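Pasting the structures in now, so scroll down.
What follows is a pair of complexes built around chain A, which joins chain B in one and chain C in the other.
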Partner chain A sequence: MRGRPLLHTSYESDQALLNTTAKRVMFGILLLILVSIPFRVVPGLKFLGQEDWLRLLSTTAIFAIGALGLNILTGLAGQVSLGHSFFMGIGAYTAVWLGGPVGGPFIGLGLPIWIWLPAAGIVAALIGIAVGPTAVRVRGLYLAIVTLGLVFIGEYLFRNWNSLTGGAQVGRDFPRLQLRLWNEEAPLVDFTTSGSWFGLDLSGTAKSFFVLTLLALFFTLLAKNLQRTRVGRAFMSIRDRDIAAEIMGVNEFAYKLLAFGISSFYAGIAGALLASFVSRVIPERWDLFLSVQFIAIILIGGAGTVTGTLLGSAFVVLLPRVVQNFTLWLQGVAVQGEGILASIANVFVATSSNDFGLVNTFAGVGPGLSVAQLNLVLYGLLIIGFLIFEPLGLYGIWLRVRNYWKGWPFTY
Partner chain B sequence: MRKKSKWLALLLVLGLVLAACGDGEGGDTTTAAGEVATDVGVDLEAQTITIGLLSDLSGPFAPLVQVINSGHEIYWANVNANGGINGLQVNLEVRDTGYVVDTHVQLYEELKSQVVAFGHSTGSPHTVAINSQLQADGILAIPLTWYSGWSDPDINANLVPHGVPYCIEAMNMLEYLTLEAPDAATLAIASSPGDYGEDSNAGARLAAEELGLEIVYDGTGLVDAADEATLAEVASGIAGSGADLVWVTTSPTPFGSIYGQALAAGFTGALWSGAGPTWNPALVGPESPIKDALAAEFYVSAYYAPWGADSPGNQEVRELVEAAGADPLDYYAEGVIEAKIMEQALRAAYDAGDMTQAGVLAAAKSLESVTFDGLAPDETYVGEPNDRVQRAQFISRPDPAGLAEGTSTGVTLIESMYTSPIAEAYEFTETCFSLG
Partner chain C sequence: MTGHFVVLAQEAGVSNEFAQTLVDGISFGAIYALLAMGFVIIFKSTSVINFAHGGLTGLGAFLVAAFVTVLDFPGRYVTVLPEWGQWTLNVLTALLAAALIGVILERVFLRPMVGEALFAVAIVTLGLDIVVRTITNDWIGTNPRPLGAPWGLNVVDLGWVRIAWSEIVQILLTVILLAAIALFLRSRTGVAMRATAFDQETARAQGINVGRIFSVAWAIGAFLAGVAGIFFSVFPRRATGVDQATAFIAFRAFPAVIIGGLDSIPGAVVGGFAVGIAEAAANTYLGLEFLGSGFPGIVGYLLMLVILLIRPYGLFGTPEIRRV
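So, the complex of A and B:
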């Protein structure tokens, strides 16, 4: 059906993952860009190949996996959960229980990554299913409170189970991203140290970036596929009207449990990867703020959409860095420049303790917000703004841009 | 279909070719006029040196670290105005870690390609998290925590600590309290969780054994600043134990609450003290209900001399801070101390003709004596851990009247460079408390 990409003549083509030529081409280009990032070849994107940006992109991939899980529970099945960070913590500590060193000061069995990573997801899923029955009896605000309770129970447990977690404010080292067949000394593939792969010199950060991006792609594919199955449609029917769904024969209890299980599986994997990637985590990491960040990701990205979730992850993870670079740039303008731009910049940044400004860019005491505080304010404003003006999130904005160009120049 | 896959294959090949031609930029060492080698963070053409600060500016220690950073700013501004480091102007790159370990690691990665060394790294688990990377990259950092592990040879290859570690501090203070109260026979201890409280109380237990004190209450790790119930529990535990001496290692707000509640329960007459960060002059501010009781019972422990101390080092801090138009606070000294260590490392590296990251690290690690002119005890970074671990500190008493009148920063110095016989005799070979 050349030239008429939206005319689908079979269910197969209608339901395809990439159902138009434009999508296939853009996906291919995106893949190429992702692969090329560590080699710093694409003009304008070379900076992404720096170690710190690679780390941010890797963190984005990990957050994307976690957010895809929450999107299945909240976006597809319509169940609000503030307990995501609890399940991430479960995943992280399962990973370190199985993968931590034997004979050290803390619990560890010294098993390889192909055991601890799936196990992190499975244990989190089992616990998700175990707490599910209490959670599926309530909905809306009450469900939020129940899952909120999980975060605090979890934080208490993690802070006090010293032999497993290392203890409050101390934490412990987590198994690295290294592939071993069993417990041999030298890893088969080490994703954290620099070296040559297929004749290309790669830093450890670049290798971690590749493996985490690959995992994120894999879990994206799973999530996208889930949407297109009977299970995905059952989730959406529960979200849209649970009573109607039951009348149609959807077992509400079973599907809500399943949603909790799948979502927790994703969270467990993301928690294990995050802890492994950071290498040392204190129990306070798995707090309410982390859950809120994931809510922000799916609200900003667009609840219920996989693309939106990915966009939201990138947005939430990269925003602090962008804001930081922007304020540093403003500071440079305010300090050196003259003219209108400098006076505008001067209003926003405080460059010394006697200078008034919204953001404080100098080292010490003074008025204004720090960059991290400004980020918190921005999160809040963005969530409110998106809920009011664009409930479909970044995905909604993308849709509108796409539709505008689809009809261009006839915009009606 | 065939056509499309060919097209994709072409793109892929193109990508790989481009990848192979990628620019191979690396950390090449350059040697310029004057034969000083540089790599990152030192620019001989622009005449600048860049130092990184990994600071908690929005987390729990933000109020302290902001003042410490001001100390850095004020000190370096003065160094720069007086010719800099052999003509090189020192700039600071500050990043706010928010006291979150992953952010700390992330910001370390960002700054390591911009700075020659780190003027401080806030927090123990945070510094441990970047420690292996510091070693791999060969970069120097000054830890902004007094964990005893920073003097442990297994951990500190890239770190230059300063001040008395928490566990030795506890030995010093408890022995000093027994001198003030010779009849004391019992001790109550309590602390925040983490290396801070555990390390400090490890020292307290050792000292109690040496001094023949019976520990009648042990609330190690119980104090949770965010949970008022734990504070009430610890306060009633201390009051109920009837201890003669109390050693509390936490932050000022929970300490004030614990002390106030124990006082309200009728627990008086004991001598109290706590690790350095437990104290804040606001505890004896004009509005504080516990200021008179604290003045009678509390001993302030510190790693450096208070604002008003009579030493050339303190005089220098006072002049610099006053010239910058800032108010008197004890914490500027910490920033100045860190900056002085860094300054001496930079000067030594310049003299050795190697201002690379590795060169500055090597220079710092071979400093035999870093002097602070009485502001803090001198440090050395060579020799056995037992020879170089810091054992001297400062002891003050609260001074609510002076604070109210503006004549002091809330404390009166009573002991300068104090080392107790127990701390002196303590054989330091490894950290008092392991972070694992």
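So, the complex of A and C:
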């Protein structure tokens, strides 16, 4: 009904994923913007079409897929898990086992992408379900440390299984994003090299961007849909009061296993895509910090919400780049600017190897943090800050803004 | 990180491998016991899983290195003491500074989170760990910082077993600290801490200043973490000193906490020694080719998983009573 978006007169409209006109319009605009990014037509967002930004956005899409999985496990089902990077690693190495080149120094079977990508997810899901019974037996914070143990055991495995992973600090190449029917020489569709689709000239990065965004949208749809199904409601009941859920007939054990399985599936797919996109990954990539990044994504974005997860992944992936640009800009102000702004900037940034600054861009020289370390410190501070001040994350901030304007000019 | 046991256990001519393994295990276990004890004290008093313990360990060890070698404060003013007396004074000052930083961190970052979900608080400590560890590692730099231990590289050779002097000091100090903590828990503040651990609200109603108890708990935790950090950074662990990998030792102590039970201080000690001995045994007897490198590092977690299957709350932990 016009003007009454929350009045639902049918089951379909109540259950709809985009149940208000505003949501439909916003989603349409988002799709249009996403499609147009590589062509740089939208004023103000033209810079996003550059190669490095396209790579960042593609990485955002991959991280979004992984984060959606963790959101289902932690935000929806309430199971704390620090082991996400372990399952991503499992997915990546399944992918390379199936899709890597035959012969050569490493294990590989040369299968095409439509086998290794789903298999990466399925194998990770199976291992997630195998880990399940141990994880279900413990609760809360014990579970966090058990999953922490998974990460370390995984790191040990990956580091030592040289024939699969390439060995510590070395790594191996991963199969590329190319669609083949079996193992022909020339791929049917190649997402990594430039060429033309439907008459439009696209670079390899732009093609990868499209296919990864498409995958991310697909998985977002799956995750959003999960929330309104029986399984999703069971997860939420377990999160809120698992004993009460068990009494009501929700099989706690089965659903917790399912939650681990589904989240590991997402993680496996994300791991395989990440490794394939970056094309060479060392076994140390799947470490505790990667898990912490995903926790940061769902907490900064807003635990339990799909929109929040997407916002969080964009935030976390784009943060280093923004910090880098900001530091360089600050450095420029400190060096060339005048007045009080320059002196403030000078405190924060070191202008030369002898200058003092909280951050310096001259690698390894002088006191102060390098930009990489500044990124790490900011990650930590942002996690802390969001948890202390805005537990609902970016989505919570959006909710507050929206509710303010919903009730305007009334404050209540 | 396997090389930690290499120095003593595999030097030529050790006649009793089992005894040597046991000694190595106990001395390494002492480090884990200290870390686990600090962790459990913080957890019992404040219900916070402190993922930042690694950062505190690195920070404590770094502060000791700074106070001993660079600042030499206050040792250089107390010339009446011999060398090792000055060193001890410097170390104590550094550990007090570390405890103070622990108190400040708790006050600034964790006090606002009182009452929030435990998972959220645990993640705050995880973020805190990243911040503390990154800043400490930046100050440490690329080269290890020596701690100037007065006993140096000396080893006591008993024929059937070799013990480094620092291992003797370590075990002695751990026993002394254990006794001190046990005594402390009988003191007025200690009883207040036990009361807070049991029921925070009621303790507050009885007039106990819960905020002060939180600070004391974090001070003790940071102090113990610093001591563990010192012993992890000297021979025979790392002959050279504290470096950027020191902070990660705490992650190997988490299984000790779980094995003993999250809310049991004696359990933490038992768990620490269990993990230490397990690691030493794995290093000596399971140095198999196919296991590759770094296996002793995860033995603790494997042991933890096995024990959790039998006793989901650890060996001495109290089972959680959940009400709907």
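Basically, the second predicted complex is superposed on the first by the 409 of 412 C-alpha atoms of A that agree within 3 Å, B and C clash if a C-alpha of one lies under 4 Å from a C-alpha of the other, contacts with A are read in each partner's own complex, and residues count from 1 in each chain.
In the analysis below, contacts are C-beta pairs under 8 Å (C-beta built on N, C-alpha and C of every residue); 3 or more make two chains touch, one makes a residue touch a chain.
Computed from a predicted structure; not experimentally measured.
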item	value
Which of chain B and chain C A:S279 touches, first, second, both or neither	first
Chain B versus chain C as contact partner of A:L341, first or second or both or neither	neither
Chain B versus chain C as contact partner of A:R159, first or second or both or neither	both
First, second, both or neither for A:Q373, with chain B first and chain C second	both
Partner chain(s) touched by A:L18 [first = chain B, second = chain C, both, neither]	neither
Touched partner set for A:V138, first chain B, second chain C, both or neither	second
Touched partner set for A:V170, first chain B, second chain C, both or neither	first
First, second, both or neither for A:M26, with chain B first and chain C second	neither
Contact residues of chain A, present in both the chain B and the chain C interface	159, 168, 364, 370, 373
Contact set on chain A toward chain C in their complex	80, 134, 137-142, 144-146, 148-149, 152-153, 156, 159-160, 168, 241, 243-244, 247, 288-289, 292, 295-296, 299, 364, 368-370, 373, 376-377, 379-384, 387-388, 391
Sites on chain B touched by chain A in the complex	4, 8, 11-12, 15, 18-23, 53, 55, 57-58, 62, 66-74, 92, 94-96, 98, 100-103, 105-106, 109-110, 112-113, 124-125, 128-129, 132, 192-196, 198, 221, 325-326, 434-436
Of chain C, residues touching chain A in the complex	49, 109, 112-113, 116, 118-124, 126-131, 134-135, 137-138, 142, 251, 254-255, 257-258, 262, 291-295, 297-298, 301-302, 304-305, 308-309, 312-314, 320, 322, 324
Chain B-touching residues of chain A, taken from the complex the two chains share	24, 28-29, 32, 35-36, 39-41, 50-52, 55-56, 59, 104-106, 159, 166-173, 200, 205, 274, 278-282, 285, 324, 353-354, 362-366, 370-373
